[in-house]
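Below is one structure, written out as structure tokens; the observations come after it.
We just call them A, B and C in the order they show up, numbering each chain from 1.
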């Protein structure tokens, strides 16, 4: 097995490669697109209805105005689209590979195995959510009292990336658990439920819940923090915390992946 | 070449003895339900871990709404829409039980039933197939209720609900959750039968589910919805499967409203049952034309 | 209106046609099919008629797609006939009256009617409730059947833990607990090993003996039919080709054998030994009469460098073709 490339851009290049191949395949599934548009429309409608209900009773939620809450909603949908398009499909396929014992095919390839299992699958039609999310964000931003400038946009982009990476790590850690406990598909369903908590800024949740939604399941970093960046609420401390925690969890995930692989190969040897 | 004589006897000239005397019809149906419930409990008890996972995952939704509305209530000086945070807690915790009582045979299940030939097996029995679903899921509910108690206890500890029901509230609640189960069972049976005519059932089902989500009291207590929505909800069955049982227990209804609610449930069960009988006749004709 | 007078099963001019959608491959056709469905008519059952008396055990023979299962489904009420009439125990099956359904049973080869995760005994209790059987009577029947099939503790194990054969045994007991008077058995021994097949057959025979039940059995396996049926109905392309005594049909079925010959090297013209029905690179298949088979085999082994030689009963499709040809020539002869 050749030594994996040290090129830091390699993951991106691989991503691009798989994307071209994967996307071309998926585009044929027009039915999936239609269904996804329908489902996203319903979710959007329901979510807007709830926000409408909330703001029929009050003018602000925990200090967040209606356009600001709409921004949170938008980030939630956008991040949900990202998770559904690139993160979840890979993790579900990894779980399947572990269950069927076909992970070995990946491990014998000359690329870094963690990168490979993370970029090879797509559900391109889930990108509908990403687009819907961005539209909602656009509407929200237009209504914001305080304008959104270059600083906010950059901060938003940065925190979005950090948040996405953290969700990816969370998912991968959970999936690596599949090396030991094979039945993990119920976890997927539970995640969808817990992820709904991100529709609202995590500051509304009681302490213990807030900490869980920040450090246990990094929904705060994935949704609330980027929304904070966009609505000029982001403090340097939070940004530093996001960056620090991201670095930490990425390192841990890397180590855990290697650990899991050793266990996996050892078990099947 | 030897041909062994077949093992069967020559055809007797006389017809066979008449079948065994059967138990009466009404008693027979009750026995069937009891047997079904017993079977379902034994079956689902084996899956208690999977059931638990599912129920825990379901808790996220009401907890989120609970927190949101309690936050608003606190902001608005202690209550919103007539609910205090403690009352929201009560509403959404009782919600978790009612939500579980609402789970019935999914209309999406018909596709497999038809395709895999399960329906043929059911059609060979001298009993209307809906009884199989009603009986099995009813038994399942008993398992669910038992599993739910610890979850309710934990939620109570975490969110301090204000709950002080009168005996009549509890009694009506106990009946209403089963009424809700029946309404939903028959209504979604009818909806599911759409599958006999088309495979593109997704959009139809999802639209009904969405209407139910919005108009049943699942999202928010119905009193928080705009008036036009509440009037709309009054004439649809959704409120009577969700919001009504919860509000019966959470103690917001007068005696007249409690009994009136049960009457509405009975009405919707009757309408649904007639619907099932009528649509089933057409569905079975369609199935028997094509079959599997 | 049920009756025990007259034949158990009466069928006349029974027909079943399906409209099957037809579509060629390709994107163009796929789009066209969205707009307008093209269908073609398939005659699954094309004008069949017969009468079966109480207590008869009749075999329904024919290859796949011949119309056996469709006929059975019409007789059990699962399918509406397109035309003709059918009466089972005096009932019209497609009306699906409760009284009718209580007197019949249908066993389909690899379909599970019992609860998968529970012991069969639990499912039997449910069956008792479904058919409203009095307790004492039910228990007696159940224990009798368990004894007959020697099930012992198998009924206490979850059905999923049973082997295929054991599962079939507990399923068939479940199907007969209500002591039906008419049994429709659709490929009941499919996928089972020989011992299990024999046991199931013995059980069905015993059931027929004790309760005088009428049995309509479809099968691929001649052995099922030979063991149980005095009368067979051969059906092909939805039509009855033969309805009569088994002895008569057996004579025709057993008329030939197929011999497959593989030579160590080279090829040879084997037409001198029998009718060559297939050749490929390695194997030549001959058809010879049953009587000649041993002698031909000896000659082959003596004359040629044989690497492998198999002797088989001809596949049912071939045989039915022969039956069909016979029937056609009989018609031609007048």
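One rule holds for everything that comes next: a contact is a pair of C-beta atoms (placed from the backbone, for glycine too) under 8 Å apart; a residue touches a chain by one contact, two chains touch by 3 or more.
What you see is a predicted model; the values in this text were computed from it and never measured.
S.K.: Any idea which two chains share the most contacting C-beta pairs?
M.R.: B-C
S.K.: Specify the chain most distant from chain B by Cα centroid.
M.R.: Max centre-to-centre separation from chain B belongs to C.
S.K.: Centre to centre, by mean C-alpha position, how many angstrom separate chain A and chain C?
M.R.: 56
S.K.: What's the distance between the Cα centroids of chain A and chain B, rounded to whole Å?
M.R.: 34
S.K.: When the centre of a chain is set as the mean of its C-alpha atoms, what distance in Å lies between chain B and chain C?
M.R.: For chain B versus chain C, the centre distance works out to 41 Å.
S.K.: Could you please specify the touching residues of chain C with respect to chain B in the complex?
M.R.: Residue list for chain C touching chain B: 4-5, 8, 18, 53-57, 73, 76-80, 94, 96, 98-99, 101-106, 108, 111, 113, 115, 117-118, 122-123, 125-126, 128-134, 137, 178-181, 201-202, 205, 208-209, 211-213, 215, 226-230, 246-247, 250, 254, 290.
S.K.: Enumerate the contact residues on chain B facing chain C in the complex.
M.R.: 1, 3-4, 6-12, 14-25, 28, 31-32, 34-36, 38-39, 42-43, 46-47, 117, 120-121, 123-127, 284-285, 288-291
S.K.: Which of the residues in chain A come into contact with chain B in the complex?
M.R.: 35, 38-39, 42, 45-46, 49-50, 53-54, 56-58, 60-62, 186, 189-190, 192-194, 196-197, 199-200, 204-206, 209
S.K.: Provide the residue numbers of chain B that touch chain A in the complex, in ascending order.
M.R.: Residues 50, 53-54, 56-61, 63-64, 67-68, 71-72, 75-76, 80-81, 202-203, 206-207, 210, 213-214, 219-220, 224-226.
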